[in-house]
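As written, the chains take the letters A, B, C and D, and residue 1 is the first residue of each chain.
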Amino acid sequence: MTGFEYTILIPLIPLAIFLITGLLGMKWKPAVSGILGTAGMGTSFLLSVITAISYFFGGHGEAGFSPIIPANITWLKLTETLHIKMGVLLDPISVMMLVVITTVSFMVHIYSLGYMKGEKGFARFYAFLSLFSFSMLGLVLATNIFQMYIFWELVGVSSFLLIGFYYEKPSAVAASKKAFIVTRFADLGFLIGILILSFITGTFDFDQLTNPQASVFGGAASLGFMGISAMTWAMVLIFIGGAGKSAMFPLHIWLPDAMEGPTPVSALIHAATMVVAGVFLVARMFPVFHFQAPDALEVVAWVGGFTSLFAAVIAITQFDIKRVLAFSTLSQLGYMMLALGVSGYGGEEGLGYMASMFHLFTHAMFKALLFLGAGSIIHAVHSNYMYDMGGLRKYMPITHITFLIACLTIAGVPPLSGFFSKDEILVAAFNHNKILFGIEYLVAGLTAFYMFRLYFNVFWGKDRHYHHTPHESPLTMSIPLMFLAVASVFAGFLPFSELVTSDAKPFETEMHLMIAVPSVLIGLVGIFFAWLLYKKESRVPDAIAAKFGILYKATYNKFYFDEIYLFVTKKIIFNYISRPVAWFDRHIIDGFMVGIGLVTEKTSYLIKGMQSGQLQHYAFAFVAGTLALVLSILYFL
Amino acid sequence: MNILSLFVVVPVLTIVGILFTKDFKGARVVSAIGMSIQLVLAAALILMYLGARKAGVTDEMLWTADYTWFKSLNIHYAIGVDGIAVAMIGLTAIVVFAGIFASWEVEYLSREFFISLILLATGVFGFFISLDLFTMFLFYELAVIPMYLLIGVWGSGPKEASAMKLTLMLMGGSALLMVGLFGLYYNSAPDGGSLTWNILEIAKIKIPVEAQRFFFPFTFIGFGILGALFPFHTWSPDGHASAPTAVSMLHAGVLMKLGGYGCFRVAMFLMPEAANEMAWIFIILTTISVVYGAFGAIWQKDLKFINAYSSVSHCGLVIFALLMMNQTAMDGAILQMISHGLMTALFFALIGMIYGRTHTRNITEMGGLMKVIPFLAVVYMIAGFASLGLPGLSGFVAEMTVFVGSFQHQDTFHRVVTIIAASSIVITAVYILRVVGMILLGPVKDPHHLELTDAKWFERLSTITLVLSVAAIGIAPLWLSDMIQASLEPIVAKLTVFNPF
Amino acid sequence: MNVVMFYLLSAIILIFSLLSITTRKILRAAVYLLFVLVATSGFYFLLNYEFMAAVQLTLYAGGIVVLIIFSILLTSHISHKFKHPALLNLLMGAGVAVIGAGVALYIIFNEKFTANGQPELPVDMTAIGTQLLSTEKNGYVLPFELISVLLLAAIIAAIVIAKKGKQEEKES
Amino acid sequence: MIQGIPIYHFLVVSTLMFFIGVCGFIIRRNLITMLMAVELILNSVNINFVVFNRYLYPDQLQGHFFSLFIVGIAAAEAAVAIALIINIYRRINNIEVENVNEMKF
């Protein structure tokens, strides 16, 4: 008995609600589904908070927070040693993720009561939300890597379903398809990684894999492929899985398109929870990365660093507010990956790990807030584009203030939570690699700039001609905004370094003024430039854009990555592989089979001439045949 | 009477019952009753089997019985089942049950239709319970031949040509198979003594290796043709495209499994040395099958063609996994057979139902069906998800078992082909989502489609049965997997003795 | 004397056989056939099978040839001359016949025929009659009956086949 | 057994007659002449039977009886054949064998 058995309920409640609403939701009034879903999620939220409190503040031993497995049942036995189990694993990061997921999910449930009101398929929406929550919770609670993979796939599907919620809109359908296939492709990497890992270690269980004194890697050293050790391959492949879900470059293309889904979905899945699954995966496997495959960790760091810069640059040029936020998410995820990549193991060395988790936490809060705020704006204006907005601060005070808080948080203005987490990431990067630090430092400035570009464009500037006067959103929508704003402000004061660390042992952190001060400064510089350019309607941004010409255009078109992918899939896979395969099958292989038939038919047509009806020919054949027989007998006997 | 014989007797009685009915209503009711009894029997059999195993019965085959019916060739009616056969019987019962309801509205010569259908089912059940190679072959032929009539008479499109092609190719397979089986028979007593057709007895002796080398390809390809082994799969698209709904269901769902089942139960189990020697050839062929089928499916426009190619890919995986010759992979292969059987039957049932409404199977002519016929569309999506391996549905369990099992192989070649085969899950996702996106989602393309009606009760019954089965295996696979693994032990033991790795 | 007779008969048989298949007038062919059959009966006389010879004369030479001649009269013009046989047929027939004869003769001359050395059975009518209707050893009642039934069947069949159908009767 | 005449001579005659019959069967176009060729063949066989009987098994009458039956069968065959030929003649007004090819293919 560990006292944590009730945690099983945390994922099971959403599952039950998914099944009930999914099967019966059509028959009820829509509101019933909504309220049921929200209530269920609320329960999960409460349970998670209780779990977190009792786990983190229930004391811990010398060795730090030890993992607790309250439940673990065998789901499928593959070989003698490889069993897929379904269970609940509580350790610092999973408990933290529980809180993140249930909080954001609960907020989104409440928010959607207002946002989705009157939509067709309201019940369906709640069913899918519950399905997603279930899968995501299952993912973070996974006791073994295969369970994680299972829920990983489920998360992908729920994301697919939710992005394609407006299934009558072709663009939404295309986006959902894209999201699923791109992540599926990454999952293939994950799967192969798991296969290699399980082949080497003979186990799926995290408690064996992530044990620093792990003995399961005994045979790993001798194995390799193309000059790279098998473990590095495995971990890089697993990272590809994570990169797919977390939309790391170059698998990032699905995330901006995923904004076709309803905004609460974007907030929940594509900002706060699902996209951090990749980060969570790397964090979960961190000891393996660190001890067995440091090269793979280096890959993680650079991919993260590059993605953060790349996405930040694109975010500057976008006009669709959800896309700006999407690229901002990409950039922030890059931050987290980078932090993991530069981290060491244990104590101060593990600062990056801690910082990554910390940033994950704070980012979930403020990015969900940003998205929900954006949803509120879109709800009011009925447009996604900045140039349709302006001067909204007068009409939507609550949205305005919460959005401002979120922007300040992401820009890293102290003492808001974003400041703390970002600061620690920068410290970790500085200690590890100066180039990566430089990139991140630049990105911090860019982040502040594009967020405030957005902010000023939407809430300041001059009024547009709205179809009807924008109004503040209903209470169901503004309460989550306020809650998340509060969380964003105060989350920074959580003593993360004492709770979530790489080796589960607490350590002390301190402010590094050498880093903190410049980073705040560059944030402020970014905000200043944004103020300069966008506070008032002006021609300057356009002029600057014109000056950069091609560069601007490339950035605006996201460096044509969509086009490249489209080229690869449409042209190469469809036209140059699939079509010839189909043709080959129909004409060559099937042609061969049909050919056998035809040859038989033609031959029979030929030799049927022998059946001429001419009696004498038959007689001749008969006699000649007899003679041949006789002769052969004579010859052979 | 032996419970296994009931599986042959009940369909035969049903056929007799149908002969006494007057119109199509009577025929379908009788068929439904007969096949419901069969389903209940199958469920009872599974429970009894699990019970017997739990009680500690360790015989390789349960409920064996043996009657000689053709003395001079020593042919017996020898029956008995292990966990694998039980699972396959369960699969067959479910698919046939669903098939009857999916063809509830066949009015043209419906008595003859149901008789042929049930005759086919009889053959399949008989095949799975047989332990005597000749009797097995007999049932196999019994299952293949009604197919010709079913496609030729009740099919659509170029049905005569397709039926001819399908039957001829399968008969070609039978011919090869017969050579192989006779080879087995005449080598079944290398040290003198009486020849036998009995699988278990042949398994006890060692067939001379030269004979194995000669007869293994015959037997394996013979069964492989039915299991859509590349490059002998081309009957599948045409045959499926022309076949009526229930026949496609049974054919892809069950009949193709006879091929896979025969491959390991007869070819590999009885000729292990040759199997080990030649496995690499067939592994390459099936790897091609898996990837190639998936790519082939992307380009198709006809729903049934897509599914036929997808079957090629999935059934390729079955034989692929069988050839890996370790317990996990073979377990995966059988799970994949069951899973594919259920979900492809579901697919074909749905395609039939959609075709019955829209009168087209061309995916470019449909769109937005989710709005019009939500029930069918949702079930179609579930089937699609099962096909692309979504956890919680059977496809995932099967595929993962296959991949993990195959990857445990010590040989690099096997691991590399596993990775290649695994890449098919992405391609599968592409074509499934393409279809789902085109026909179910998006705006309604054809205004006539707005007036379509959703599933009727029998269609719901048919599809829900299959969905529940798919989900049941997907959510709780352990009992099935255990049952299969236990039964695989003697087979794997025999195979691995000769395994060079 | 016998020897001379034999060679004479042989010569008749072979010459008229050849003529019978080469002549271009059908009635002549029938007549040549008659000569062949008669000469064959001469063989039987030579071999001391008088009954057999008599049967040959009456049944074959008498019955069948008459039948053939009737049918010729029914179906052909007497003065009609045949076309030459088709070249292909000629080649096929001649080739097969020559090769076949060669093979057969080769075999015959390579075979040592040895008599079983038993004393000769006197062939008189009594012996033939008894054996034909006996069921004992060397009795042929069964084939005899068979032949009689066959003949009956053949007669009926011939009538049925040659009879004009009702339809045709009305027409003609 | 006839003094001075070896069995081979008989056999040569019958063989040649047989193959003349075969040749005639193949080269003649008229059905009736073909029938005659058949008679020649039967006859040659008869000779063989009788000769073998006389030369090799003089104590038995098997060959003799066999030829007897063959004569009977030949009669029956001739009757049926001629009935057929007449019937054919009625239908197609000639009895050229090339024209009797309804049964081809």
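One rule holds for everything that comes next: contacts are C-beta pairs under 8 Å (C-beta built on N, C-alpha and C of every residue); 3 or more make two chains touch, one makes a residue touch a chain.
Worth saying up front: this structure is predicted, and the values here are computed from it rather than measured.
Upon omission of chain A, how do the remaining chains partition into touching groups?
The remaining chains, counted without chain A, group as follows: B | C, D.
Using mean Cα positions, find the chain sitting nearest the overall protein centre.
B
Centroid of chain A to centroid of chain D, CA atoms only: how many Å?
Roughly 96 Å separates the two chain centres.
Which whole number of Å gives the spacing of the CA centres of chain C and chain D?
For chain C versus chain D, the centre distance works out to 5 Å.
Compute the distance, rounded to whole Å, between the mean C-alpha positions of chain B and chain C.
68
Counting in whole Å, what is the centre-to-centre distance of chain B and chain D, each centre being its mean C-alpha position?
Once rounded, the distance between the two centres reads 63 Å.
Touching at least two other chains at once: which residues of chain A meet that condition?
616, 620, 623
Counting only residues that touch at least two other chains, what does the list for chain B look like?
none
Two or more other chains touching the same residue: where does that happen in chain C?
89, 92-93, 96, 100
Judged by the touch rule stated earlier, which pairs of chains are there in contact?
A-B, A-C, A-D, C-D
Which residues, counting only chain D, touch chain A once they are in their complex?
Within the complex, chain D contacts chain A at residues 22, 25-27, 34, 97-98, 100-105.
Which bits of chain C are touching chain D when the two form their complex?
That would be residues 2-3, 6, 10, 13-14, 17-18, 20-21, 26, 29-30, 33, 36-37, 40, 43-44, 46-49, 52, 55-56, 59-60, 63-64, 67-68, 70-72, 74-76, 82-83, 85-86, 89-90, 92-94, 96-98, 100-101, 104-105, 108-109, 113-116, 118-121, 123, 127-128, 131-132, 138, 140, 143-144, 147, 150-151, 153-155, 157-159, 161-162, 164, 168 of chain C.
Contact residues on chain D for chain C in the complex?
By the definition above, chain D touches chain C via 1-5, 7-13, 15-30, 32-33, 35-37, 39-40, 43, 46-47, 50-51, 54-62, 64-65, 67-69, 71-80, 82-87, 89-90, 94-95.
What residues of chain C sit close enough to touch chain A in their complex?
Chain C reaches chain A through residues 89, 92-93, 96, 99-100, 103, 106-107.
Touching residues of chain A toward chain C in the complex: what are they?
616-617, 620, 623-624, 627, 630-631, 634
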